[in-house]
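Some structures to go through are shown next.
Both complexes below contain chain A, partnered by chain B and then by chain C.
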Partner chain A sequence: MIGLKRALALLGALGAVLTVLGVLIALNTEHIDGKIPLAFFSAAIMGSYIGVGLSAWWRRPRNRIGALMTAAGFSAFFLPLSAANSSLFYTIGATLGSIGYIIVAHLVLAFPTGRLETASQRRLIAASYALGIGAPLLFLMFEGDCDCDSVDGPRSAFLITESPGFIRILDPVVGLLGVTLTALMVRVLVRRWRAATPHARRALAPVLWTGTLLVATLLFTLAFDALGDMTDEAESVVDLVGIIVVTAVPYAYVLGLARSRSWRAEAMTDVVAGLGGARSDLQAVLTDALGDPSLEVAYWLPERGVHVGADGLPVLLPAADDPLRSATDVRRDGVLVGALIHDRALCDEPDILAAVANGAALALDHQRLDAELRARVEELRESRQRILEVGLAERRRLERDLHDGAQQRLVSLSLQLGLVTQQLDRGGTDAARELLDGARGEARAALEDLRELARGIHPAVLTDRGLGPALEALADRATVPVDLQGLPDERLPWAVEAAAYFVVSESLTNVAKYARATHAEVRVGREHGWALVEVADDGVGGADPSSGSGLRGLADRLAALDGRLEIESAEGRGTTVRARIPCR
Partner chain B sequence: MPSTVLIVDDHPSFRATARMLLECDGWIVVGEAATGADAVAQARRLHPELILLDVNLPDTDGFAVATELRSGAAAIVLVSSREARDFGPRVTACGAAGFVSKADLSGDALRSLVPA
Partner chain C sequence: MPVEEKTLRVALADDQMLLRAGIARLLEDAGMDVVAQSADAEDLLRKVGAHKPDVCVVDVRMPPTHTDEGLRAAAEIRATHPGTGVLVLSQYVEEAYALELFADGADGLGYLLKDRVADLDRFVESVKRVGEGGSALDPEVVGRLLGRRRREDPLAPLSPREREVLGLMAEGRSNSGIAEHLVVTERAVEKHVTSIFTKLSLTPASEDHRRVLAVLTYLRS
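Moving on, here comes the complex of A and B:
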């Protein structure tokens, strides 16, 4: 930063020299009456703008307000320069005399960041610069006499030809353009004020109000100029007001900074007092401290990779380019614990946001446990609901399977026995024997159907002999060769055995239905009190756990036991289903 | 008394047994259909006097088929392996002459539902 410091010091020295030079020119003018006021005001404006501007530039090098203010201070040199007796210096001063006002307007519009926010604001300021330099230039090219208090003042050095007719047309056109542009500036300032949060207004107020007053004075002057009938006395009063207001802008800026600093201190006091006191509602405390009624507190749950609100429901943070809302991360000892979601206008005050976020970190981290608990309760409520639905759907499927399978076979059996009776009544014993053979086949098929169904509900081999033999039976019935590894010899808790069995059973059903695999592998293991079950195939992959009810149902069953289900299924890389179930 | 019958059911084993049972009782089975759409088509082509119509069909249900055919000349008897009370007033509402549980199916049962 040595480079910046040296450059700013050089600018300061240059500013001092020019200020003195301006005073000397003003005191020696031969064509302006008020030499002393001119010298005084030009020194006051240059001194305050350059002084405050350089100091702001030094303190916040990335904020352009300091640079703009310094530039405005240097531009004020053209005011006394236009009082120079030399025709060339007078002409340069008169050409660039309005530019200082426009830089100040630019500064006010760009406050507090120093950047114009929208393309239309940038166009507005660009047009103002063009008019502020172009219009005087045109006047000086077609009108030789100077607009001054003595008859033999300096003449325009840029004069091409005297053209009173052109000047008569130019005068109202420039006036009208000036009025339009300044009116648009007033509109921007009013909108800025309306959009600001209550606390931000306190910091913005001095500059915005001075700026609005300045632009309004300009508007007034321009409007009267365009009409062309202001008395000399009125003109000098308006000029005086304008000069006073212009001089006030740097001091308004300093006042705004001070108020903003006091707001920061106040906001922190609010946070500390609010959290230390009886109020435990973090959101209300922060809403008051930042003056943003739309503020939301989001708690970060790293285990699940989501933010949740105080109610435990997931919260989506606003996107980086959201025009209305913004989020500020809250960290405790460098670890993310949550975020504040707030009005984007608060981003103009990053220091305050950071201070409040810091102050709230501890409380937020503590409340995060509550939010996490609520999130877990909410998750349980949802999975309980889904388990209920899965149970009902299973019952419906059972009813349908019974109806389509065993029941139909028993109906046929009953009808065939009726036919046997008929045949026996008529003495047709051969026909009756044939019918009885058919009936016996139906009875066998009905038995097989019932056995299959019972196995789907809860396999007897699992109940009687445990997970190992039950998985062997599953592998025997599978449509592809299945390798079994690490089958447990001992019995596990029955709920764990059942969950593990259904993970394998559902996975092998999926292998048969979708995977187009040639081979599958089932691995079972125990690790630190967890049962691990893994089913991998060499099929097409691409399984989506959220699309089918089967995998979703498995995940819910496991969640009920505090277990977890993971699915790896990259396209073309096979599918691996991995379940971890705590063995309590 | 009706003597020609169309059997509509999606289970082939039931159709075969029902055909045998009814033919032994002197009925003439003029056709068999496995779906609702096929049942409507065959009923319009074959003009059976009675249609034995399963309630659970793969493409629609027996009530819809009965409603569609109610203006025809055929008497309709709904069958199912469920009980009559599972369906309640829907049986008469669709214009069917009656309901018989599959296990109770016989020529006499049909005759009692559709008197001459």
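Moving on, here comes the complex of A and C:
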């Protein structure tokens, strides 16, 4: 940075010398009437552009505006130079006299980043430079007389041959090209203004408006030049306006920066006042402060690993390359608490965003807890709905089981008893005995069906003897050998026992159905007021908890008790189902 | 009992093999010819087409959906084989199903609770009646239709005995069947029936299944 500082200081010194030199040349001209205004304005333009330009360059070295402004300031030296009495200096000054204007137009179009955004803008500015240097050069090559206030002014040093005919053609062509290029610049500026967000306009306004005025003045001058009939008075008025506007550009730039800075302070004041006041709507406060009506507040829920909106529903943050939207993280004491989702244009103001995000962190963290609560309520609502559906499905299954099982067997049994009666009426005791054997079989099967069904609804052993014996009974009936570990001796709350039982029962059913396991292990434990139940098998793994209602239903059952279900089931590594149930 | 004019040919459809076999044995013992047995409605429809039985005994719930395959099969058989009666058996009886089944006429149709198979004689008689173009409606359905609470009970003018007779008529029984059930003379039943039809302003009908329909229509209204 020392290198940059030294270079800039040197440029500043050079600028001061050139400014003084310009004033001296202006004061000594013999062919321009307004020596004093010329000296004054050239000094004003060079001083302000070089001064503001160097200071901007120093403060934001990566932004090209400062460099462009400094360059414009130095090019203003060519104005007094064209008033020089020496033919050579006059000719150099006259050739490069317009380049300052074009640098200023370049600056305005490139504001605020200092870079031209599109290829067409770059072409437009390149064409302008070409015309701004090429046209005066052509004039000076084919016209010897100087366009000045005295008859014996300096003559062109670049003259090749006097050609009034060529000049007559050249004049309107250059005028037309100039009008076209400046009209295109006006169009770019108007579009820039329209596309700007309200906040961006605050910073853009002074420069864009001054720039538009400047280009419009140029357009006006060129248009009249091309038409060729503007009175001297009108011409001098337009010139004066042009010069004033050009001088104003650096000040407009400074004003824009100040406004942007004051806006930042204002935005912070808004946030603090809004949050401190009666308004509790963080989103509305931030929308006002940042001037972005599309702003959304997203709260980070670390437990679920998602952002949610104020309504508790998940929110997706815009991608890093989203052209329209962008997100800024909000941290409190370095911990992520949420994000602001906003118009991408706000990214041009990282300082303001960071300041507002900092100011809002505390309030956002508080609201995050609210949002977390709402998300939980939403989750509960969904889970309650699913429990209801699972319950109904369960009832349908029970009805089906009863219908196809015990009921059918009892019908069949009563039919056989009817046949027995008929046989006895006819005296066929042997046939009756045979029928009675069948009937007893039916009765036995019906009882078996009913027993299985009752166990599925709620096993009596669980009610009578508790979790340990109930799990032993489950293990006995399992299709693979099951190791039981840490069975509790004491009774747990009945809801906890039932939840734990169904975790094991459903898991062992899944082991039988899908796992292709040779062995399973059931572990039960208590830890810091939690009951832990784990069922692990050595099967194929790959169980997906989101598919299939069994595991989902278990998760809901556990959620109703504030418990959690975790499933580890990597392909080929077996499945472990782990439930944690608060046990007070 | 009148002499059997011809052997009734029966088709059975129930996905419970044991029960189906039991019913088949029962009906064969009663002198009927079980010409086809099916475990689902599709197979039944095919066999009905092939054997043209006099009557089908069909379970309501069968594969593939285990909902109301039997009812739909009954409707189809009635439409394509008007000569074949259908007796629908169900684990539950619902008035809604009964009214749906009997919507276009009661002749050759029956709807009974499955448990009725245990009362062998009555079950056999119901099968026979439906096979001969008559009707059979489960007493439980009839009871519920008769017992429906209404603001103005249209059955109020009937005496208790007449209500009993109305119920038996709705089940599809003939006058002699009712007389036998109530242990009265057929003549007494005729008197009751005339009185009922008069009190309810129904057109008297002689054929049993027409009487069922008349009573159902009346009860439904």
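Going forward, the second predicted complex is superposed on the first by the 363 of 584 C-alpha atoms of A that agree within 3 Å, B and C clash if a C-alpha of one lies under 4 Å from a C-alpha of the other, contacts with A are read in each partner's own complex, and residues count from 1 in each chain.
Keep in mind that, in the parts below, contacts are C-beta pairs under 8 Å (C-beta built on N, C-alpha and C of every residue); 3 or more make two chains touch, one makes a residue touch a chain.
Remember, it's a predicted structure, so these values are computed and weren't measured experimentally.
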For this session: Could you tell me whether chain B and chain C fit or clash when both sit on chain A in the superposition?
Result: clash
Exercise. In the superposed arrangement, which partner chain does A:Asp270 touch: chain B (first), chain C (second), both, or neither?
Worked result: neither
For this session: Using the touch definition from the top, say if A:Glu497 reaches chain B (first), chain C (second), both or neither.
Result: neither
For this session: Once the structures are superposed on A, label A:Thr421 by its partner contacts, choosing first (chain B), second (chain C), both or neither.
Result: second
For this session: Quick one: classify A:Gln407 as touching chain B (first), chain C (second), both or neither.
Result: both
For this session: Look at A:Glu442 in the shared chain and tell me whether it touches chain B only, chain C only, both, or neither; answer first, second, both or neither.
Result: both
For this session: Check chain A for residues that touch chain B in one structure and chain C in the other, and list them.
Result: 403, 407-408, 411-412, 414-416, 418-419, 422, 442
Problem set entry | Footprint of chain A on chain B - complex, ascending | 11, 13-14, 17-18, 20-21, 24, 56, 81-82, 102-103, 105-106
Exercise. So in the complex, which bits of chain A are touching chain B?
Worked result: 403, 407-412, 414-416, 418-419, 422-423, 442
Exercise. For chain C, which residues count as touching chain A in their complex?
Worked result: 16, 18-19, 22-23, 25-26, 29, 61, 66, 91, 114-115, 117-120
For this session: Within their complex, state which residues of chain A touch chain C.
Result: 400, 403-404, 407-408, 411-412, 414-419, 421-422, 442
